[in-house]
Amino acid sequence: MKRLTLLMYCPDKKGIIADVTQYINRFNGNIIYIDQYVDRLEKVFFMRVVVEKNFSSNSFDSFKNSFNQELGMPYKLKCDFFLEDQIPQLAVFVSKYEHCLYDILSQYQSGKLTCKIHFVLSNHEKLKNIAEQFKIPFYHIPILKKNTEKAEAQQLKLLKKYKIDSIVLARYMQILSSNFVNIYPNQIINIHHSFLPAFPGAKPYHSAFNRGVKIIGATSHYVTDELDGGPIIEQDIVRVSHENEVDDFIAKGRDLERIVLLRALKQHCDRKIMVYNNKTIVFN
Amino acid sequence: MKRLTLLMYCPDKKGIIADVTQYINRFNGNIIYIDQYVDRLEKVFFMRVVVEKNFSSNSFDSFKNSFNQELGMPYKLKCDFFLEDQIPQLAVFVSKYEHCLYDILSQYQSGKLTCKIHFVLSNHEKLKNIAEQFKIPFYHIPILKKNTEKAEAQQLKLLKKYKIDSIVLARYMQILSSNFVNIYPNQIINIHHSFLPAFPGAKPYHSAFNRGVKIIGATSHYVTDELDGGPIIEQDIVRVSHENEVDDFIAKGRDLERIVLLRALKQHCDRKIMVYNNKTIVFN
Amino acid sequence: MKRLTLLMYCPDKKGIIADVTQYINRFNGNIIYIDQYVDRLEKVFFMRVVVEKNFSSNSFDSFKNSFNQELGMPYKLKCDFFLEDQIPQLAVFVSKYEHCLYDILSQYQSGKLTCKIHFVLSNHEKLKNIAEQFKIPFYHIPILKKNTEKAEAQQLKLLKKYKIDSIVLARYMQILSSNFVNIYPNQIINIHHSFLPAFPGAKPYHSAFNRGVKIIGATSHYVTDELDGGPIIEQDIVRVSHENEVDDFIAKGRDLERIVLLRALKQHCDRKIMVYNNKTIVFN
Amino acid sequence: MKRLTLLMYCPDKKGIIADVTQYINRFNGNIIYIDQYVDRLEKVFFMRVVVEKNFSSNSFDSFKNSFNQELGMPYKLKCDFFLEDQIPQLAVFVSKYEHCLYDILSQYQSGKLTCKIHFVLSNHEKLKNIAEQFKIPFYHIPILKKNTEKAEAQQLKLLKKYKIDSIVLARYMQILSSNFVNIYPNQIINIHHSFLPAFPGAKPYHSAFNRGVKIIGATSHYVTDELDGGPIIEQDIVRVSHENEVDDFIAKGRDLERIVLLRALKQHCDRKIMVYNNKTIVFN
């Protein structure tokens, strides 16, 4: 028995749920989870189904093929199929802040993240010890104003070598090029230390402090061309008061950042996120 | 076109979703919402479906009957059917605290509650003015230690006269008898001013203060035989600190109570709640 | 015995707390609350002190005068003195949304707001009934594109007639002129239905929905020249998900708005807010 | 220049703030933080003051002595003095759960905790690797039903050897004896995985699940004789729904536990907590 996760969407149409669930029943699949959502404005149907079934590699291919034929064509339905052993292949990018890296590696080491972390990459050497302490390979690719293109080329080479399909920017303080971003659509997860869309860009805690807000936030999102403009996966907040200085904002924010990034990463690893129109559907 | 809400549950079994959705399609019903939940421990399947369909009174009956025949029997499925004009018939019980009453009547007057409020009943006269101000009939049935049975008899008479099917205890400070409670199973909504199961019974804010908690809560639940032990519908909390005295707890709690009770009441009116094993399933 | 609240600020300097508390002791004042805050960046000292003391009107004046002489001059300290009977004189401005108005008037009628509400003013007639139901005078001053100046003149006349010193914009959907705003510095409280500085201006729930945020907020602030840019008093948030449509955002937001506005208004009425550099210090 | 933190309490009496601040001024201390709280029920005054001052070891002693003479005696005031280099000497007790340990050691290694962690102690060997990875000594003292007294004796020996003054129970699943607890009054910090006083004792997530709560919590408190009955330092909560099974409660709770324990530990290390009548005063 293997577990298969299906993420599908199509123009909304009567009968789609009935037809999909029947198809699965016919193949002796046992539906152990089903959740669906209809975007009524866009008239698009989304569904996540988890099935338990006896799959040989053959039968998996034939299951997919006939699914696409029977349902994909008539419903204009697009579906991703993830067998339970197809886990995300991850790289973690960092700069100098360690709190998110600690959290990711601790949870990974405790078996709480359904993925394989291949390496940590940084434009600084500062966090090398942490990667080593957790026995994860560490690559240092410095980034200077002159060499960003060359540095990205090196990064891409590494990513290809390790067959990475998901990248976590764990407080990585460099902006990726459009070229880079477009190679990994909805596969690069960033944590931004503000309640987006408030305070995009640099130094959000300073801006929040200057504005005199009473609540600060953190936002995890997929990276797109637009700086801090990608689909939001998860947000959370914490209260601040006039007594808190910028350093207090930063300290309080640290706990937010690591929690929010980790939640987003878990949902990504568990194949619970779909993206449409620059928004996420996060099944729970 | 009328909107019909179905709340159903049965022993979990393969094919149930497919069969129900197909049945509805066959009757030209348009499913505009579907949400399902499986209690894996108890192996029970729950589903809420909202359908739009052309119903004559005849066709509604035949829809129900053949639904029960085709699906109810083979699946041991129990289903409640609510046509959109079958809204809850409500009575509000209060004592001396006005904040929840204000909230309910304000929201009702603004058309935000899908129900009919027939009257306000109290064991005190204090809140009569408020009911009158909102043009809702007010009944005063005093409760003394000696006459509780007689008072309940009067209450029940009123409830029957108005064909009430849902009762809101909006800080009603009397304990209803088992007899009374059992006439309205999962139809009496209470607000308790603590984070249940902490601090059941009287004076929870005082107990919370004495215990030195850093967070206080409010809990809305259906009333059962067991004091403050019924199925929880909604809870929320607010932070307190050592600087807050009992009166601050009470003041902060007031806002919680009205918000939490109102959320629960809305979900009840919108037929979003199912009860099983002294727990609620709240579809959203 | 009367209660006196002092709100003071001055350049930070050693000895200020000792000198102020000694002064009050010397006048047989009993300090029942003291809270202080130092803005270390700006090097400004802020303090709120509540004193109980036997005041005749004479002795109050002499207390103030010698306070200003002994402490105001040497410390360059500015202090506001509020005797307990000097409560805020309030007007409530509304347009068509009723939820904040209900909340304010309910709390006022229950004696939970330390102020006098003189009238409700609106550019529409829609909420007249509510004001009347709570027995508060209602004024209807329509605003057309052509007549805004004239309408503001009428408003100002009313405000002067009633000697209003605090105005609450309870979802008042008109922008006040600079002229108007500058007459009431830090005395006009607005509720904005977003987590400022995100989504200032019109239709924030629509913008939040389009951006795909996972949390929405509400912000209460003093009104300044800059639209939605004034000192923030209070903020709060509520979670949303991909399942929520704009109407759900609006419905969830309603509860936020009334709670956040009410908290801000209470703190204003209780003389707990100081404003400096477009930020608030909110003593609790 | 050294930083000195004073934590003091005494029966509430007029003039105490003025006298303390004057005393510090007289010794050329610069008050950089002052916060005070009066328990009006018990009529007790509490104050936390942070002072910057040039201290030789001599002058520190004479400062303390004359403080106690001038203020301690007349006001019946008790004061603890902490020079900035007198940081807490910590031991961490764990069993098999690693999440809190990871968090504490990560934050410690990043310099975010003002303390010295001398060792990790466990009744199991499971987390040895983690301690080693962070280069903290690890002691394994197994606990069997028969040998608890002997095991505690071994623990106490270790604690004395390292001159430990603060102990963190980071999901340590053994109950300490009264004898042990009374040696470290208000110095043992525990994390309990429920919203106390709800669900004390074993398996709180299971109990919370069975009760059908909509919110779960975590509580950090000082350990006293009474199981899970000590003074609460910090609490926080997270929402759950009918869709969450016990394992989801546990997973969601893990993040709560580590955050709540860490906040409590930081406040303890920063000398921000006072305990009185089984409650904490937490200055911020």
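So that you can tell them apart, the chains are marked A, B, C and D in the order they are listed, and the count of residues begins at 1 in each.
Criterion: contacts are C-beta pairs under 8 Å (C-beta built on N, C-alpha and C of every residue); 3 or more make two chains touch, one makes a residue touch a chain.
Note that this is a predicted model, so its numbers are computed, not measured.
Along the graph of touching chains, what's the shortest path length in steps from subunit A to subunit C?
Tracing touching chains, the least step count from subunit A to subunit C comes to 1.
When subunit A meets its copy subunit D, do both sides use mostly the same residue numbers (more than half shared) or mostly different ones?
Copies use mostly the same positions to touch.
B-D versus B-C: which interface comes out with more C-beta contact pairs?
B-D
Since subunit C and subunit D share one sequence, what rotation angle in degrees maps the C-alpha trace of one onto the other, as a multiple of 5?
In short, 180 degrees.
From the C-alpha centre of subunit B to that of subunit D, how far is it in Å?
The answer is 42 Å.
For subunit B and subunit C, let me know how many angstrom lie between their CA-based centres, rounded off.
36
Which residue numbers or ranges of subunit C touch two or more of the other chains?
243, in rising order.
Inside the complex, what are the residues of subunit D that reach subunit B?
37, 40-41, 195-199, 211-215, 217, 231-237, 241-243, 245, 278-282
Which residues of subunit C touch subunit D in the complex?
Touch list, subunit C to subunit D: 14-15, 17-18, 21-22, 25, 30-32, 34-36, 38, 239.
Which part of subunit A faces subunit D closely enough to touch in the complex?
Contacts found on subunit A: 98-99, 102-103, 106-107, 110, 112, 133-134, 243, 251, 254-255, 259, 262-263, 284.
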